[in-house]
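In the two assemblies presented below, chain A is common to both, partnered first by chain B and then by chain C.
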Partner chain A sequence: MKKKSGFLSKCMPYAYITPISLILITFVFCSLIVAIIFSFTKYNIIAPAEFNGLFNYEKLLRDKKLHLCILNTLKITAIAVPLQILVSTILATLISTRKDKLVGKIAKAALFIPVLSSNAVVGTVWKAILNSRNPMVQTFFGIFGIDPSMLLGSSTSALVTLALIMVWKGMGYYMIITLSSLMSISDSYYEAAKVDGANKWNLLTGITIPMLKPTLILNTFLSVVSCMQAFDIVYTMTGGGPSMSTTTLVMYAYQLTFKGAKAGYAMTVSNVLMAIVLVIVLFQQRFMRREASEI
Partner chain B sequence: MKKKLVSALLCISMAAGLLAGCGNNAGNEGKDSKGGSEETTLTMWMPPLDDDTEANFKNLLADFEEENNVNVEIELIPWESYEEKWSTGIGAGEGPDIGYMYAEMYPTYISSGVVKDMSEYLEDADYEEYKYIDRGEMMGGQYGMPIVTGVPFIMYYNTEILESLGETAPETWEDFKRICEKATQDTDGDGKIDQYGYAVGLNNGGMSNLYILNAYFYSLLWQAGGDIYNDDLKTARYNDEAGVEALEFFESLKAYMPENVLSLPAEDAFSTIFGAGKAAFGVTRSSQIQETLFAESYPDLKWDYVTSLKNETYGTFGAADSLSIMSSCENPELAAKLIKYICSAEFMTEYHKIAPGAALTVSEEYVGDAKMERIVTEDVDKWRPLQVGPCGSEILENLAAHIQSVMEGKQTAQEALDESVEFADETLAEYWEENE
Partner chain C sequence: MKKITYYAGNIFLLFVALLCVLPFLYMMIMSLKSTINAYDFRFSFSAVTFEHYEKILSNSTFIRYFLNSVIVAAAGVALTLFTSCTAGYAFAKLKFKGNDRIFLLLILTMLVPSEIILVPLYLIVRGFGWANTFKALILPLPTAFGVFIMRQAILSVPNELIDSAKIDGASDFRILRCVVLPLVKSAMLTLAIFTFIGAWNNFTWPLIITTKDYMRTLPLALTSMQTQYDVDVGLTMACSAVAFLPPFIFYLLLQSKFEAGVALSGMKG
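Let's look at the complex of A and B:
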């Protein structure tokens, strides 16, 4: 009996991780392998793939559209990530000081609602709002001297608009992570610092920010990866336009697959994205390790 | 201990379920045995064409099914994911026997050998009976039989606005531009334009920027005497004199379009600006029951239409979505018979009572508003389907992006078309290198 329970307890951890492992192996690991293999082929999904060596990788270098899409993706990332981290941290700080009050609870829930909404719905709704010529919307944007109905119509403003909507959509998620991290900072640190005569600024820069650093690094990298994979909001709001000014890497891969029937090349493009994300993740792990050792 | 065991078993059963879900149900395909005799099954993929396409088709196909001992399985695919479902389904070897396809889809499927040339199943009588059968001829074969056609994009005009300007229906580009200029006004005197010449929207999002071409550009290109491809389909030609003339003319109309033309989806431009009586002209796909539809959607709108303006010639885009037989179909003869039956007067006379459309055969009578009839009679040569050529969607999406660029003022018409044609020629060269 003893032997049996020992065997069971050895097996049980494996049983627990089996479902998620299968999902990861099937949909992540196998997909990666397939994408790498197919990136060396001419493949249009419909007909069998034909090996074409490094042709797709050579094409990457001379594909002007791809270079534009990489640039667009980086621009969106550069705008959205700092804003997302800044806004979510400020919101988390504000809510943490009112966490037990009704207003804090309502704000926390309200800010998290966009996170729960699907990107496609968010894109469609924002597009309708911006183009609606609704007096309320016009008045609100008018405060900043902006005509909302023109925002998606220019190469410059469309990209910024998309980035801001992505900030709005994701800030609740990063706010919750930051908030939980804020809550875990022991009050004894603050009390000890106050005894030593620290003011609010000293508390923020000497305790809160250093203690939040690992969380902020995690948020930054999660946000970067999410921005690099931007698709649904762009797809529904602009379709990559005007004049390809908002076409992101994932959007381009999608167009190549389903509009251009070039799935082989699309997988090559996806591999570029994967390589970029991989480098980012490696950086993140290095940062996190360093921060952990410092703390 | 018990809890641990139960949760471990649950995990294992989840994993088993996951694996089972990844399997296929290959055993359910092909032929079913019913009442001793073997019944053939034909699968058909199509988009929704009315409120309950599957039930309506099944109901009208009942006699055919009984007569031919066949079960027609209809799978409806939403328009939004139509091409994705097709390519993934065909790629997985789970394609239909018969499919509803549109022009942009054909080149890839034809060159991949997925669609069957149905010439051998057609007789001389068919070419006389089916009015639009020639529009199913593409890339050297009869790859489709048009099922939805006769509803081209046409130019609607607001009769009240034109009357107030002392104008009548435009016939030429000059007429059109003159009226647009006169119609663009600040009618309430608040210093802002609130009535436009031409209700245009150039942001259709992911649904398809090709709509921009369908609604606004093909007509001008064809009216100027141009086209997308050269006859050998090896190079594109829309940067020629006709193409530049068409795009320059479109650009010259920008002053008469809504200010947010580049933010606005085309359908919204039509419904919220033209439909609301705030524009002299608007373009959208026609319908045989347009009077009924507009009376419901825009009860105060007084409207009429011109099928096509004239420059060098007439021309506007009218899709010829077709039914095609897939090469994998095990019974192509029966599939061809089914397609001919669906497009026949017997089927369509009844179906068009449910969902009005253009008569596809000489035997079928016109069903619809009298006002719209001239599209399929005296104006029938003023509209045409798209020239089907290789890499169609890719080339045309790129062209749409360049048209946006011109309208944004980032490029001249000549620069944009040259750049777009350069891309098209490179894409075509790559295609022909691989396929010749």
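Let's look at the complex of A and C:
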């Protein structure tokens, strides 16, 4: 009897972790394996897959459309990430000095509203605003000399518009992360520095920025990874157009699978993206660890 | 000088806050205007109409979308809480072979961006014959992030409490249910909200795995509305408002939990 309960209690922990393990193994680990296997095949999701060796990987090099999509994805990332980090950090600093004031509370609450709404809603609403012939909207954009209804229609401005809307949607998120790390900097550092006669600029460059550095690095990487996989906002706002100028890598993989019946090649494309993201993540880990050891 | 920069900061913050709120205000106003004067931009309270809401709420397809969203989000929250609490408890408090290694392996899945594995995930789920089922919409929702949050929270539960419950002869499961979980309610609430928002707002996965109208969720209604009623801005905005309001109401009620959750999700990196 005693032996049985001993055996049972040895097995119980595994029972606790089985549900989540099963879910993650089937949906995540298996997906990665399936993606690798099928990337060596020709597969249109209906007929059985045919092995075609490295054909898909060779095609990556020749595929002009893919190169365009990589370029688009990189452009979105290059526009959105620096802006997002800069704006969210400025906002967090401003809010942290006003955290008990009404202004700070209003700003914090308002900034988070775009974060919690879905990309589908954000895309739909912004599209409606830009396409409406609302005189107020037109005057607002008129200040900058822009015709709002042209923003999504022209292939030069559509990508920039999407990137800016992504900044608008995400800045509250990074602001909260930065704010919580700003709050965790102990006041005693500042007081000690003030006693030593440091001015505001010294405090900023000597304490705030170094203490904030790990958070800023983290935010940058989170933002890069989320920009690299932009899909739903693109899907709702432009559908990848005009003339592929906003087709991102994930969008391209989606189109290949469901519109082009080239699921095998689509997974090759996703694998490239996965590899890029993995390199970024490894880079981040390296970076963060070095930061941690410096402090 | 100090005063001036301070007030300039205030003005900047208020401007950004306005910029964040205005599109949603536009959505609400347009959804309350009749189609005829959709392009007449004066707003008067006497002209407020609920015709768009009446129209979508009497549309059985839309109701179905809404119900699907509710079912998926609720079941997703329940499943995530169950799997994360049990696993979080095991990883935090139970001794078994490979504890740390299995935990690390599961946490590694957080590095895999969800949009990247869409196509293979679609093939796997379709292979199970689950296309257009609730199973397909719900089962992939739990993530390692939930386990991470719950493990972190349960680690702070004092071992003495657990040991004394053990001496009283309580089983592991009973300890989890009656001793541990009541102490980590706050973390559970944070996790529940995040899972709810994520499931409710999820767009890409339902788009891919459902092809039949009766299995689609609310965010998908927005894109199909756009193509069906391209001219009717009011109707699209009313749909957006219905999709937007549940997370927004939760946010109004539980603002601090949201911030705690975001700060935590920053930690996972």
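The rule is short, and it goes like this: the second predicted complex is superposed on the first by the 272 of 295 C-alpha atoms of A that agree within 3 Å, B and C clash if a C-alpha of one lies under 4 Å from a C-alpha of the other, contacts with A are read in each partner's own complex, and residues count from 1 in each chain.
The rule we apply is simple: contacts are C-beta pairs under 8 Å (C-beta built on N, C-alpha and C of every residue); 3 or more make two chains touch, one makes a residue touch a chain.
Everything numeric here is computed off the predicted structure, so don't read it as measured data.
Of the two partner chains placed around the shared chain by superposition, neither chain B nor chain C is touched by A:T205. In the superposition on chain A, contact is made by A:W168 with chain C only, not with chain B.
Judged by the touch definition given at the top, the superposed model places A:I46 against chain B, while chain C stays out of reach. Once the two complexes are laid over each other on the shared chain, residue contacts for A:G260 go to chain B alone; chain C is not touched. Look at A:G153: by the touch rule set out above, it reaches chain B but stays clear of chain C.
By the document's definition of touching, of the two partners only chain C reaches A:V34; chain B does not.
By the touch criterion defined above, A:S186 reaches neither chain B nor chain C. Once the two structures are overlaid, the count of chain A residues touched is higher for C than for its counterpart among chain B and chain C. In the superposition on chain A, contact of A:L222 is made with chain C only, not with chain B. Contact with both chain B and chain C is seen for A:T236 once the two complexes are overlaid on the shared chain.
Counting contacts as defined above, chain A residues 9, 12, 16, 19, 23, 26, 45, 123, 127, 235-236, 257-258 meet chain B in one complex and chain C in the other.
Against chain C, in their complex, chain A makes its touches with residues 9-10, 12-14, 16-17, 19-21, 23-24, 26-32, 34-35, 38, 45, 91, 94-95, 97-98, 103-104, 106-107, 109-129, 132-136, 168, 172-173, 176-177, 180-181, 215, 218-219, 221-222, 225, 228-229, 231-232, 235-236, 250, 253-254, 257-258, 263, 266-267, 270, 273-274, 277-278, 281, 284, 288.
Across the interface of their complex, chain A is touched by residues 9-10, 12-14, 16-21, 23-24, 26-27, 30, 39, 41, 82-84, 86-87, 89-91, 94-96, 99, 102, 106, 109, 111-125, 139-140, 142-144, 146-147, 172, 197, 200-204, 207-208, 219-220, 222-223, 226, 233, 236-237, 239-240, 243-244, 247-248, 251, 255, 258-259, 262-263, 265-266, 269 of chain C. For chain A in complex with chain B, the touching residues are 5, 8-9, 11-12, 15-16, 18-19, 22-23, 26, 42, 44-47, 123, 127, 130-131, 147, 149-155, 234-244, 255, 257-262.
Listing the residues of chain B that touch chain A in their complex gives 1, 4-5, 7-9, 11-12, 14-15, 18-19, 22, 83-84, 87-88, 90-91, 108-109, 112-114, 202-209, 259-265, 268, 391, 393-394, 397, 400-402, 404-405, 407-408, 410, 434.
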